[in-house]
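What follows is chain A paired twice: with chain B in the first complex and chain C in the second.
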Partner chain A sequence: MELNFDTVIRNLPLFWQATLITVKITVLAFVFALIIAFTVGVLRSYKIPGLFKVLLAVYVEIFRGTPLLIQLFFIYYGLPSVGIIMDAFSAAVIGLALNGGAYMSESVRASILSVSKGQEEAAYSLGYNKLEAIWHIILPQAIRVAIPPLMNGFSSMLKETSLVSVISITELTRTGNLIYSRTARPFEIYLTLGLFYFVLTFSIVLLAKQIERKERRWIL
Partner chain B sequence: MDTLSHLIEIKDIYKSFGDLSVLRGVSLNVSAGEILGIIGASGSGKSTLIRCINGLEATQRGEILIKGQRLNSSREAVNVRKKIGMVFQNFNLFPHYTVLQNITGPCRVVRKLSKKSAEELGESLLEKVRLKDKMAQYPGNLSGGEKQRVAIARVLAMEPEIILFDEPTSALDPELAYEVFDIIKLLAEDGMAMMIVTHQIGFIKNLAHLILFIDNGKIACSGNPDYILNECNHPHLQDFLMRLRENI
Partner chain C sequence: MFKFKQASAVLVGLLAVILFMAGGCADKTTDKSADKSQPEVSDNSWTTVEKNGELVVGMCAQYPPFESINEKTNQPEGFDVDLANALGKNLGVKVKFIDAQWEALLAGVEKGDYDVLITCMSKQEAASANINVSDVYYELNDIIVVKQGNDSIKTVDDLKDKVVGVQSASSCEIAADSLSGLKEIKRYNYNPEAFIDLTNDRVDAVIVGYAYAATQIKDKSDLKIIDTPVGETSEIVMVNKKGADALTAKLNEALKAIKASGEYDQIHDKWLKLQI
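The block that comes next holds the complex of A and B.
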């Protein structure tokens, strides 16, 4: 077999465009997922009214217990039946954010549990109220524990954006598929696609290392 | 003595964890400037008593008054706690803060001091516990004795009217314990009211006005150090003291 990257090179502008869309969806979804994860993770770590607690648990278990693909289909094709209509891009971001938020909230919860009870008690005994103790004492210590799994979630999310190609968003994967259907050069195209994804996830790994190094200034 | 002059009044409190009844009718008073030593076997309820006083544990019966104010709802507990300092056996310094920030952080959040006055206060208190040269370090880099001295400085920064110590030197090597005792002696000279749980009889007998011997969730014996060490003939106290002497 003879390799021929001409097709790829000719279509590079399309790849770039698609990369931008993939990055945009990932970053937006990750930011929303973080907000969800911290809100849900903190609430589930503390005493809250029973019904509320059950609702949050149901959210987390449903989104962790069903395939992301089904969640995306449901949001994009299913919800319009009950009058909730949105464009594909919003559906993709919301789907990824809800899914990632559910997983990441468990990391946040575990990281909060990892901070010793004594820290909270010391804060209370100094006169901090509950919110002040969470904000100033517990979360800053929990975040350091949570950073590796959260950054892991970031890179998973990037790879999962591949799935949103099924709701007709022309991100990297769909772009690859489209070019393939026109040119029949699967080997070169999917190799290039993989390379693009790898460079992106590797950038996240480097970013994670950078953040972890900064957090290592204090020890226990 | 009239009730108003008591800093802390404890009236017949009971506390149990599930089936385990830990405090079984404890009453005591502490006045300004008074130093109480608390001794007793491990598991007798000393920590639980201390933790009930600043609301870390809720009692099931009885009453705790801090300067006449009842410690009931958690909202009151937040206010009442500001008058009570607590020094823990395992320090509980905030590891993500530097030594100085361990003091300025609470000053800014709880006392709403400005950054500048919090830092001035922090530096002067670190001077008092002779740790000013360590103020930029993180607690993880300090020895146990140094950590406990920072913890005491942190408590002093909140200007408490009484400080509760729960075995402040139990996690320390003996030679480091003295660093901490020296600071506690300084506080005694300043007239700070204190309740000190400790197994260091030699230290507490020269400091405390009153020593309580806790046995099985009750105050089995109380009196001045001389009475506790030499006269009280409660059999459990005699056993307890004998075992302590053997260990030393």
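The block that comes next holds the complex of A and C.
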């Protein structure tokens, strides 16, 4: 078989379009996941009413304990049976955010645990109340620890978007399959597809490096 | 800045690896074409099958009534299954079915995982791949399915500005792509998902093969079939590896024989007689 990248070049506009959709879904889902992760992670690190604690634990364990593919199928194809109907894009963002949020909340919790207990006690002795202590003393120190695993979550989320093709979103992976089924050139097309994903995730790596270098100035 | 340099070094390195791989493959190609120039590279496609006493049939058993997995027996069943068995009987070999992902079938037959694909694949769907096709064994039209009570779609032209669902990598997808003015084409892994979305108003219409629609939708009272063909008629063929001419010829012979004996009609009536 001769290699022929013409098919790839001819279909580049399709790839660009799909990249845009993949990036859009990833960024939106990541922002929501961050909000979920910090809320859940902080709450689970402190004493909260029992029922609340159980609910949060159930959420985290269910979304970590089942495959994302099944969660997406359930949200998009299953929920309509009980009257909850949403469009594919929302279902994708919600599914990815809930899933990523569950994982990332554990990173946040771990980072809070890494801040020594003495910091909190010192804050109280200076007259901070609990919320102030978390906000001004604990979180700024915890975030520095949380950034690498959170950015890790960002790049795995980007790759997981390939699963949303099953709910009829034409993102990068679906576009690759589409072009492949028309041209039967798996080598060229999947290589290109891989390259697109790699460039995207590598950009996240660079972004993470940048953030880690500058965080000191932002936070302290 | 130092770290940026490191990063770009990684990227350049990756690029070099890819180019190297591409170069390596190009070399192999020349080797192969040298092989081809030798006269009569043995086409042992049929003799291998005969020797093994087994015809390996690849299919994606997600497309009743052509092929699906029986809920009770866990075995594939359908028009293509019975047809393959009849062909096998005629050729004097056993038939073994392998169920695989639709997208992987063509690559699989090229690679030699299956002797033949009998999986309601049309000439058009197979056209892109470098393969052999048999004589046409069935002609299939794609049609439109809409929700009961939807009176705004009566012809293909009415699909303008509508959201249309199709099974990905199917003749229906090709048909939908060829229509202009659609609002959006939603591509599903499999037809049942498209129908869930049709029921839930997330698509306005689904384009699907006639036989599938007629047998699967007959018990769904909320959907209706609009019986006008969309796109070209699909000519359903069996697919062999490129150059497996002996096997293709044998299959064509067997197909003719079972058509002449009336066996084909029996199988056809069993699975594909439309009950609308």
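The rule is short, and it goes like this: the second predicted complex is superposed on the first by the 215 of 220 C-alpha atoms of A that agree within 3 Å, B and C clash if a C-alpha of one lies under 4 Å from a C-alpha of the other, contacts with A are read in each partner's own complex, and residues count from 1 in each chain.
In this section, contacts are C-beta pairs under 8 Å (C-beta built on N, C-alpha and C of every residue); 3 or more make two chains touch, one makes a residue touch a chain.
Keep in mind that what you see is a predicted model, and the values were worked out from it rather than measured.
Engineer: Both complexes share chain A, so when I overlay them there, do chain B and chain C fit or clash?
Structural biologist: Result for chain B and chain C: fit.
Engineer: For A:Tyr180, is the partner it touches chain B (first), chain C (second), both, or none of the two (neither)?
Structural biologist: second
Engineer: Answer with first, second, both or neither: which of chain B and chain C does A:Ile137 touch in the superposed model?
Structural biologist: After superposing on A, A:Ile137 lies in contact with chain B but is clear of chain C.
Engineer: Please work out whether A:Glu2 is in contact with chain B alone, chain C alone, both, or neither, and reply first, second, both or neither.
Structural biologist: second
Engineer: Tell me which of chain B and chain C touches more residues of chain A.
Structural biologist: After superposition, C is the partner touching more of chain A.
Engineer: Does chain B (first) or chain C (second) touch A:Asn129, or do both, or does neither?
Structural biologist: first
Engineer: By the touch definition at the top of the document, which applies to A:Arg109: first (chain B), second (chain C), both, or neither?
Structural biologist: neither
Engineer: Give one of first, second, both or neither to describe whether A:Arg44 is in contact with chain B, with chain C, with both, or with none.
Structural biologist: After superposition on chain A, A:Arg44 lies in contact with neither partner.
Engineer: Quick check: superposed on A, how many Å separate the nearest Cα atoms of chain B and chain C?
Structural biologist: Nearest C-alpha atoms of the two chains are 25 Å apart.
Engineer: Can you list the residues of chain A that meet both chain B and chain C?
Structural biologist: Overlap of chain B and chain C footprints on chain A: empty.
Engineer: Along chain A, where are the residues that touch chain B in the complex?
Structural biologist: So the residues of chain A touching chain B come out as 116, 118-119, 121-129, 132, 136-137, 140-141, 144, 217-220.
Engineer: List the residues on chain B that touch chain A in their complex, please.
Structural biologist: It comes out as residues 54-56, 78, 81-82, 84-86, 88, 90, 92-96, 105-106, 109-111, 138-141, 154-155, 158.
Engineer: Quick one: in the complex, what on chain A touches chain C?
Structural biologist: Touching chain C: residues 1-3, 77, 80, 85, 87-88, 165-168, 170, 174, 177-178, 180-184, 186-187, 191, 195, 198, 202, 205-206, 209 of chain A.
Engineer: If we count contacts the way the header does, which residues on chain C are in touch with chain A in the complex?
Structural biologist: Residues of chain C touching chain A: 3-4, 7, 10-11, 14, 18, 22, 25-26, 29, 32, 103, 106-107, 125, 128-130, 165, 168-169, 173-174, 185-189, 193-194, 196-197, 199-202.
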